[in-house]
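In the part that follows, the structures are each spelled out as structure tokens.
Paired with chain B in one complex and with chain C in the other, chain A is shared by the two complexes that follow.
And then the complex of A and B:
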């Protein structure tokens, strides 16, 4: 076998979205020689599609805001299943990350006095989302990309080589993490590097590094209707599983309530929540604003009771409650689903999102320019003149790689870190809009920082990569060429997407999920026979055949965990178990790879009880909705 | 100005009913398969290949290409990512004009004739519609596309008035898709020209009230391969899928160079 191309680094970041780039900048700033490996061109990450903004309690628009309120909103949105320590760190550090981004050059919409403007968003008590029109994600990525160019030009001056300390390997896919057994623990592993291939040439490449940060994003391409881009094939989740790490909370998948349902070619494409934040309302086929019928008890006090009050809120938020169109995403998605099911949907199985009758055309064009463009250009729909037809679309996975809340390190695999959507815990059972971009920055930075710290402490005690693992990874990667013509990887992928959409989608039933697991077994067998033609150079069929392994592993985790959790909470709705159970809140489902047969094992974990000072941020009455009696704080004396 | 700009008629007041009757379209795609060498080792040559696909008129060209890849020829190679017109991966030359495949609707093209699809011009083709983007990104890096400031970093944000922020709004919309640069006849004949996209990204900082590096960037663009090579043909403005007034931005940089004032 010919010699494989090798590169040696201190920290290798896999993924070049917001979390990956922030991690890389941090690791490089800590003095690490850092590599970023990404599947697409540098700067084309899925993060660019985030429209709404970055949630951070800077209090620029409403000075009542602070990290405690942000923390509370995040926990409520996640139905108390969040790793509270992550939610705490996130709320505390998000403002610093936004200010930092601004000093790096990011463009933001401004308040009259020149500070960063903040907008309202579902589930956030105050206007909290720093934004640039509706292209905040694009600006975030561009700013981090610009920062990296700046750092590289510094290095060019210092070392004569712009890539001396930070290099981006673009259009390369990692298929395996390389590890050696960790002598310090019985079944743990230690990172030695990563194995992958160049998409252009198909040639293999090995990165030797004692620390790897996974920042590969989500899993949406396992579902038929999704707002996610092609990269979202669960790569990081699968790489972590295969290296011995665990995934938690995988049953919680967020279906964004307002994806396009018509015309067919744009099915799944997102309509940002800011359409609702800026006045857009949801109506059924009878023209009724049905969301008023779907305010759950836990939110009754926080949302308007009448259309009049909801409408007043847009101009006078201090004296009115917000309209229920701005409930957390899971509530809105379920409500739309229920309306459609009861026969009050649009001709194409959605509901109407109406902004045209609410705002003048020029205001819509000014406030929602990208949305206006997107609909006109992708679907020939003029949102200033007609309502949109929308319905739930697979948008985000709350679950992900189990990490230490402070350091982003994955237990069980020394030297492995994860940040952003690929990591689990932060958002509990449901993520609030705007909390994703802030998550990327807060935990991307932390992952880079602690990976650097780990490498520094490691000193010279690095371990060599195991040649046997490289050979195995290479054999695994070329296997589809030996299966020529056996199974079309595209057909297997389509059937996987249909299965997940139909059987493990927004409303779940025991029998259907069991059926899904049976079908996933069949698809696994077929995927193993997926064949490709041609050569390894830029061969998309081959790439998909390799991605199938990841999508199938992740889908199995989702289906198994969803079948196990017999309650409804956030992004997991069981028709056969409609209630939320305080006992189930004490359960975190962790998925790990079974040692012998490549199946997924489920383990129940108990989350750590929330610290008393954080618990004290909530009324006891509210806590009763989430916690068991034994978990509730003692009643204060003299309170009524 | 000598350029001819296609006028888009304004939309009629009454909304016409959309037609969703599927049509069969022919995509005539410029293929280049570098490993298709001749029997005596002759290098591979590009060729045209026709594919027929059934498509809804409101469907995007990208969707049709995915159908070809999935159902007819798995070797067809092109870049794509978000499919929302925001990442800027799928720029290609469709019927002779640079566009994003994900933002080009079937109904906006003449489907009675084959629709030609080629790689964007002026960059080396690696395979089918995939070109080597390195020279393009190098030009982007060469204009110092990052905020240059002096003094201490503030602990919170720098202040910027809404008016100052608005001043460079247009050029911050760039998605680095290369539609503009590879539609520029100057760039086709002179690969060293910075090209419209790099100038747009320089403009984004030159006119940012927070930035102090305007002089340096203007000097870079004052060089031989800088803004003076622009011949104001407006191809770039026409090609921009984000509606950026690219030519205007280039003119503003030229004016700043003449008057040394931003």
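And then the complex of A and C:
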């Protein structure tokens, strides 16, 4: 093997979205020499697509809000499957993470008294989302990007080199984590670095580092209809699996209720929930606001019973209940799916989302500028004058890499950390809108902080990378060139997307998922024969051929876990097991790579019981809907 | 509804290249990026193109379509006639890496030269107070998706490679204006705009505004007000005197 380009760092962050950049800022601020490695250009990460806002209980619009209420909403949204400690930390720390952004230059929309404005969103009891129109994700990325530039300017002053302690390696893809066996445990591993290639030149690169933070985002590109960009190929999930870590809750995939359905080439592109938060309503082809028929029992007391009450809520939220268009996303997605299936859909197979009859045109243009722009440019629809056609789109994976709630460390792989969408647990079975951007900031910071702490404690006890692993990784990466013409990676990808969409989609059935697993096996065999033409310089066919391994691994995790879980909860709906079961709430399904390296093993884990003071934030009657009798707190004596 | 379109796509690298002809299927509602992707999947698997969100939000897929700087993902095929040959070439102002992908590192280098947001000393996180009307000016500029189409089209650097050293381009002059108009920024940015970023090179032909996919009024709202601020300062006798005295020290 020829000599490979090498770089040595204290902490390597893979991924440059919100979580990755926040982790890098923290690690560098703790004195670590830090590298960020990302597949796209710096500042283009999928976080820019986030529209609605960042959930944080600052209480600027309704002073009744506090972290306890946010925690409660998050647990309800996730149907109590969340790692409660993560939900607790998230709710407690989100306000500080938002305020901190202002000190780095972020410009949020303001309240009348000059504070950060907050908007309503599905599942949040109070107006809670800090926002900038409907382009909050862009503001978040740009602010973090500019903070990184600020840190580099400091280094230029101090060392004459802006990249002395923080460098972004852009358009580089990591294909393997490098590890050595951990002497301290039987089957554990310890991080020594990461192996990847430059997209531009195709040349290989090795990062030597005792700590790696995975912040690579989600898995949407395994599905045909998705709001996710090409980068979302499950890289971090697969890298972690291959290094010996586990993925949890992979059966829970969020289908956002409102994606564009027409024209076909933009099918799946997100239509922000803010449309509904600001007054937009859902109607079927008969003109009926059908969401009133779909309020589930667990939420019966919390949502308006009539259109009149729902409409009053926008101006008088203290004396009215919110309209059911603002139910958590899983409920709305299933309702739309059912309406279309029963023949009450629009001509292009969606339902109508109408804001034109609800708000004046200039207000729509001011509050939802990028939606106005998106529909005008891509679908030739003026949303101030006519309704949009929308339908569910694969948006987010709640499951992900198993992490320690406090430190974001990955059990089983020393030195490996994960934050953001790639990590599991925080959102349980369903994520509330707005909780993603706050998740990125809270746990991105924690991952960077504890990775730095680990490296500091490690001192000089770093281990060298194993040359054998580098050679193997290089051989794996060039393999598609030897398979010339055998299988077209684009065709394999399209079939994978169709399979997951049709057989492991919003509504799941046992037989279909078993069929999906059979097809995934066939696709794995074909992906191994995927061939590419041309050379290694900026070759998208080659890049896709390598990404297929990751997409197939996470797809298998999703299908296996979904087949196993015989209940319906959040982002996992079984037609053959429609009810939610308190016994299944006590089961966490963990996926790990089998000893033969080619398959996924499923293990059942028990979640930690929720702390008493957090349980006390809920009424006993509400807890009964989720918990088994044995888990319920003792009834208070003397209470009625 | 589908038809066969004639495409000419620039293929090559830093050493050499050529326009290559393709005949490719087009379906209803598609954008130019869809057609580029179809070429990759069916005829040219190694055709290099940058893209991410495919919704006009990330600014990755900048190129020139029939000579006009555009985002590939926001250019609908229905804006062309079915007989027309559609020519897609990389952005001309930046060095080609391969096919439609260019080396945009110029922009990152310029970004690093703009001193970052400088809040007033002692103002704590959580205590920032700003009025909506005061943040709106800078908010308009923060809509920028950094597609670099304005940088690409600006003739100061498009036609004069030598100016790249002294001129930061509309994107970064607008960034300076954004910070200068930030209600809480305390840094002095006007002198640097002129002396270090080449504001004076801009002769307000508004080409940048015309190509901006976010419809930001770069010239009217950022560059001209910035020029006015610099000019006021230059010709204000008190500022002039202050500068003189300070320089003497």
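We adopt the following convention: the second predicted complex is superposed on the first by the 639 of 640 C-alpha atoms of A that agree within 3 Å, B and C clash if a C-alpha of one lies under 4 Å from a C-alpha of the other, contacts with A are read in each partner's own complex, and residues count from 1 in each chain.
In this text, contacts are C-beta pairs under 8 Å (C-beta built on N, C-alpha and C of every residue); 3 or more make two chains touch, one makes a residue touch a chain.
Just so it is clear, the model here is predicted, and its values are computed rather than measured.
*Asks:* Please tell me, clash or fit, for chain B and chain C sharing chain A in the overlay.
*Replies:* Overlaying the two complexes on chain A (C-alpha atoms) leaves chain C and chain B clashing.
*Asks:* For A:252, select first, second, both or neither according to whether it touches chain B, chain C, the two together, or no partner.
*Replies:* After superposition on chain A, A:252 lies in contact with neither partner.
*Asks:* Contact-wise, after the overlay, does A:9 reach chain B, chain C, both or neither (first, second, both, neither)?
*Replies:* Neither chain B nor chain C is touched by A:9.
*Asks:* Name the contact category of A:303: first (chain B only), second (chain C only), both, or neither.
*Replies:* A:303 contacts neither chain B nor chain C.
*Asks:* Figure out whether A:46 sits in contact with chain B (first) or chain C (second), or with both, or with neither.
*Replies:* Both partners, chain B and chain C.
*Asks:* Between chain B and chain C, whom does A:269 touch in the aligned arrangement: first, second, both, or neither?
*Replies:* A:269 sits against chain B and chain C alike.
*Asks:* After lining up the shared chain so the two structures overlap, which partner does A:195 touch, if you call chain B first and chain C second: first, second, both or neither?
*Replies:* A:195 contacts neither chain B nor chain C.
*Asks:* Can you give me the overlap between the chain B contact set and the chain C contact set on chain A?
*Replies:* 40-44, 46, 48-49, 99, 102-105, 107-110, 113-115, 132, 135, 138-139, 142, 146-147, 149-150, 152-153, 200, 229-231, 263-266, 269-270, 370, 373-374, 377-379, 488, 490, 532-535, 537-541
*Asks:* Name, in rising order, each residue of chain C that touches chain A in their complex.
*Replies:* Touching chain A from chain C are residues 13, 27-31, 34, 40-41, 45-60, 74, 76, 97-99, 101, 104, 108, 111-112, 115-117, 119, 123, 125-126, 128-132, 135, 138-139, 142-143, 145-146, 179, 182.
*Asks:* Give the list of chain A residues in touch with chain C in this complex.
*Replies:* On the chain A side, the touching residues are 40-44, 46, 48-49, 95-96, 99-100, 102-105, 107-110, 113-115, 117, 132-133, 135, 138-139, 142, 146-147, 149-150, 152-153, 156, 162, 200, 229-231, 262-266, 269-270, 370, 373-374, 377-379, 488-491, 532-535, 537-542.
*Asks:* Residue numbers of chain A touching chain B in their complex, please.
*Replies:* Counting only chain A, the residues touching chain B are 40-46, 48-49, 58, 98-99, 102-105, 107-116, 132, 135, 137-139, 142, 146-147, 149-150, 152-153, 200, 229-231, 263-266, 269-270, 370, 373-374, 377-380, 382, 385-386, 488, 490, 494, 532-535, 537-541.
*Asks:* Quick one: in the complex, what on chain B touches chain A?
*Replies:* My answer: residues 11, 15, 18, 20, 34-35, 56, 58-60, 63, 69-71, 74-77, 79-89, 102-103, 105, 107, 126-128, 130, 133, 137, 140-141, 144-147, 149, 153-162, 165, 168-169, 172-173, 175-176, 205, 208, 210-211, 243.
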